[in-house]
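So, here come the structures, one by one.
First chain A sits with chain B, and in the next complex the same chain sits with chain C.
So, the complex of A and B:
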């Protein structure tokens, strides 16, 4: 009988769940007023241009330092920006320009080619990491991959200097060592940031395209030979 | 009361209890033969479509609820603000709706990536085992062979092939007149993968073979593993005889694997001959083409690593030595010997 009664009133047991009257429920639901923030935004319009530029440059420089010493920090990810990657990409493309560029011969990578390789490569790696279930956002990933080209750009500058001295076996050996080291550095730095956002057993799947990407860039740098 | 055995009407609630919706009947199961392949993409595609349809329904319901709320509010304020207020509100509403529609369209475009997500759901061990299996033909052709329906492995293999091709073009000093090295490499590899997969799928559709587009993409993609290995070896060791041996061996093995998989899913002698013959021809010829078209041995210059580039290549008859090793390997050897 009692069971049938209970079955017929399935929510009966909940009817007496309530806050007793002698415990006052009080609180303050209020949204913090954003007027102070608006004031700040207006004030950055009035500051001198030099300050604005310096602030951005400082942020970019800060990220360069994070790439130089890749520890697991989230500074690169938290405030991403694409100034650094753009700067590095343009520098690298300019340094790779003028390599074995005869009038007809297109053996050396042109500016546009390098640009396209870097940006489309980064986009594809980002899409791949997102499809594999990564938690990092699109632009954050682009930011990380772009900043981690820095060791390779430095290697390119070194290679160009070495090539001024001559292009024999010794110079090739030096260039090989430098490019290999910087390629390893780039890959390591970018995986330090990217791999954290992946489930642990899939890190290898994300690292491989990054490895391939920097390998292709490193190969372009290594096979660069200046025109006479 | 009602028909059907085992029906107890325990309808005691005014809103009609849960029992009303119990499925009556003798409970015969229907097995959907379409989804027999547990790795076929069709079930995932359905899931993706369902998900999108659900989202759209939600959005439509939310919009309907929103407009209902707004219209009741407008009715109340009509007396106070008059016509002008209502017009302004309507315009603002329209702008908001249009903006929301644009944003949701853009978001759906972005969310289309989620349709591809199931095809990238792999573990590294799986990828490795599939790479090795792609070189091992399976002899069972009486029952449809299982073909993995993933896109990660094939995509990575195509990119690897692009990188190897670039290496080959660079070290042989290939001159591309109309276009760039990178563009040619990417165009060739992706064109082959997508184009031949579509063509094989089209032929399979004509001869009524049991294979989906995803499976042809996946099959052909993994078949490129053999090509990658052969090209990696022969771009560095220019030994013609070695290339032909590897072409037959590794190229042949990966082709046999694909052919066996297709045979197991096709019925009839002529369709089998057509499908498998086409695939064999295209796959083997592609490897031949990659080796010979992008890897000409230039007179006096084997790579662009040492010294300035010479004038555009000239074809002069000469005796090609039996075994030539890539200058990279040669200088590495010199370095090692020096220590």
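So, the complex of A and C:
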């Protein structure tokens, strides 16, 4: 009310002047249209399903590339997601099937055992790093540990291909080299992401469980023997 | 107030620093690691209690060091802040640095007579990091080494087909974690019950018992790796050495507590601890490192088998 009175005072002398229709009246009293356009951009309800899936796949692929070239970037940490780790875990567990006599309990790990080791192992390592005073969040750490299994999954695929050719000493030597290299790569990649979040006098305490985790997964991959 | 200040500088360095920063702060007689938190909390709470603070300081200094140890012993198990449902409660069990963990591991591998592991190495800061990760490492090292030794012993056999034997990991995990948790519960419960009648200050808290048991298992990790070498005499030598070292860590820790009891109970307690430890080691060796040989018969007494056979033939 006061604002309207203040606005009308400079025009007090013009109160008797009528406004012709030639003079365009400019101004916008309604709500600006741009805001509804902004809402439409964030609302993904109407977009086609293909776009939704592709967006998530692109995010996952982006993180795979970050693992391939581990730099100290925060992209992996900022936009964490657990799709990639789930994909890798299921792939690795499936590749570890078909080993020597699955029904026999003397064989390799069952699907559930691989799943449990990977997920409970990641959870325990994350809890360990948080209890030691780490600043990384729970799901960010799970995301990093899961994505860094990628080199080991690739090694598993290579091992299965090598085993098609035969399972002698030469194939064992090749598999050993491949698994060792990918184990080192995984450990190096995950420590590149995780080490910064720890207090400096406890870094080794946090890195050792990660080392043990990837060592056990590498062991499972190396001892995979096909049924004959 | 000259004399309390002098004594203060000699004995309570941390408290002295904080008191020099805030002379009005009241101090409490708690264990050393809590001095910072309680002193700062008290300083924040009681701003201008100059006279009261002085009296509190006097009370602290009137107790000698044994009294300080006594209160810290009683509060050894109650260092945790917050209730058991908060995260900080569990964080207090992981309050160790890399160098501290390495020092404790060294102390478990080289037990010197007279050096109580709990008093010398733990120093009222028991942690759960060491016991837990040592147990996990031991589980995997025993399972993997057992698998490797089976493979090496049967390598020449053409009918043998390598198997990962992954079920051994589950069995090893169950056995080792049960040993590392149930036996300390039993030992701690038994010792607390024995001391319940008289008010003794030498008891260990539950966490310290778990801690010493966990660290005493460390020597078995390199031992299990060395067991891959397929010589029986070497394996038995290694297991005897490992049992001697880790058994002596446990004995040196628990003997000072138990020796005040009656002679029979003291010896029985220590003997039970040692026997359980031996059972774990020998059980692991026999199950995970089978080389196709039956249970080891006493090779030092070759006359017994013929006697048995003659007896059996006589009966029939």
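Here is the rule we use: the second predicted complex is superposed on the first by the 182 of 228 C-alpha atoms of A that agree within 3 Å, B and C clash if a C-alpha of one lies under 4 Å from a C-alpha of the other, contacts with A are read in each partner's own complex, and residues count from 1 in each chain.
Note that a residue touches a chain if its C-beta (ideal position, glycine included) is under 8 Å from a C-beta of that chain, and two chains touch if they have at least 3 such contacts.
Because the structure is a prediction, the values reported are computed rather than measured.
**Student:** Mind checking the superposed model to see whether chain B and chain C fit together on chain A or clash?
**Tutor:** Once chain A is superposed (C-alpha atoms), there is a clash between chain B and chain C.
**Student:** After superposition on the shared chain, which partner residues are touched by A:116: those of chain B (first), chain C (second), both, or neither?
**Tutor:** A:116 contacts chain B only, not chain C.
**Student:** With both structures placed on chain A, which of the two partners, chain B or chain C, ends up touching more residues of chain A?
**Tutor:** B
**Student:** So, A:216: does it touch chain B (first), chain C (second), both, or neither?
**Tutor:** The answer is both, since A:216 touches chain B and chain C.
**Student:** Identify the partner contact of A:139: answer first if only chain B is touched, second if only chain C is, both if each is, neither if none is.
**Tutor:** neither
**Student:** May I ask you to decide whether A:64 touches chain B, chain C, both, or neither, giving the answer as first, second, both or neither?
**Tutor:** Neither partner.
**Student:** After the superposition on A, what does A:169 contact: first (chain B), second (chain C), both or neither?
**Tutor:** Only chain B; A:169 stays clear of chain C.
**Student:** Can you list the residues of chain A that touch chain B in one structure and chain C in the other?
**Tutor:** 100, 104-107, 109-110, 113, 128, 130-133, 201-202, 204-205, 208-209, 212, 215-216, 219, 223, 225, 228
**Student:** Where on chain C is chain A touching in the complex?
**Tutor:** Touching chain A from chain C are residues 87, 90-91, 93-94, 96-99, 101, 129, 133, 136-137, 140, 144, 147, 161-167, 170.
**Student:** Hey, which residues of chain A end up touching chain C in the complex?
**Tutor:** Interface residues on the chain A side: 99-101, 104-110, 113, 128, 130-133, 201-205, 208-209, 212, 215-216, 219-220, 223-225, 228.
**Student:** Using the touch definition from the top, list the residues of chain A that touch chain B in their complex.
**Tutor:** It is residues 7-8, 100, 102, 104-107, 109-110, 113, 116-117, 127-128, 130-133, 167-169, 172-173, 201-202, 204-205, 208-209, 212, 215-216, 219, 222-223, 225-228 of chain A that touch chain B.
**Student:** Give the list of chain B residues in touch with chain A in this complex.
**Tutor:** Touching chain A: residues 10, 12-13, 113, 116-117, 119-124, 127, 152, 155-156, 159-160, 163, 166-167, 170, 173, 175-177, 179-183, 303-309, 312, 331, 334-335 of chain B.
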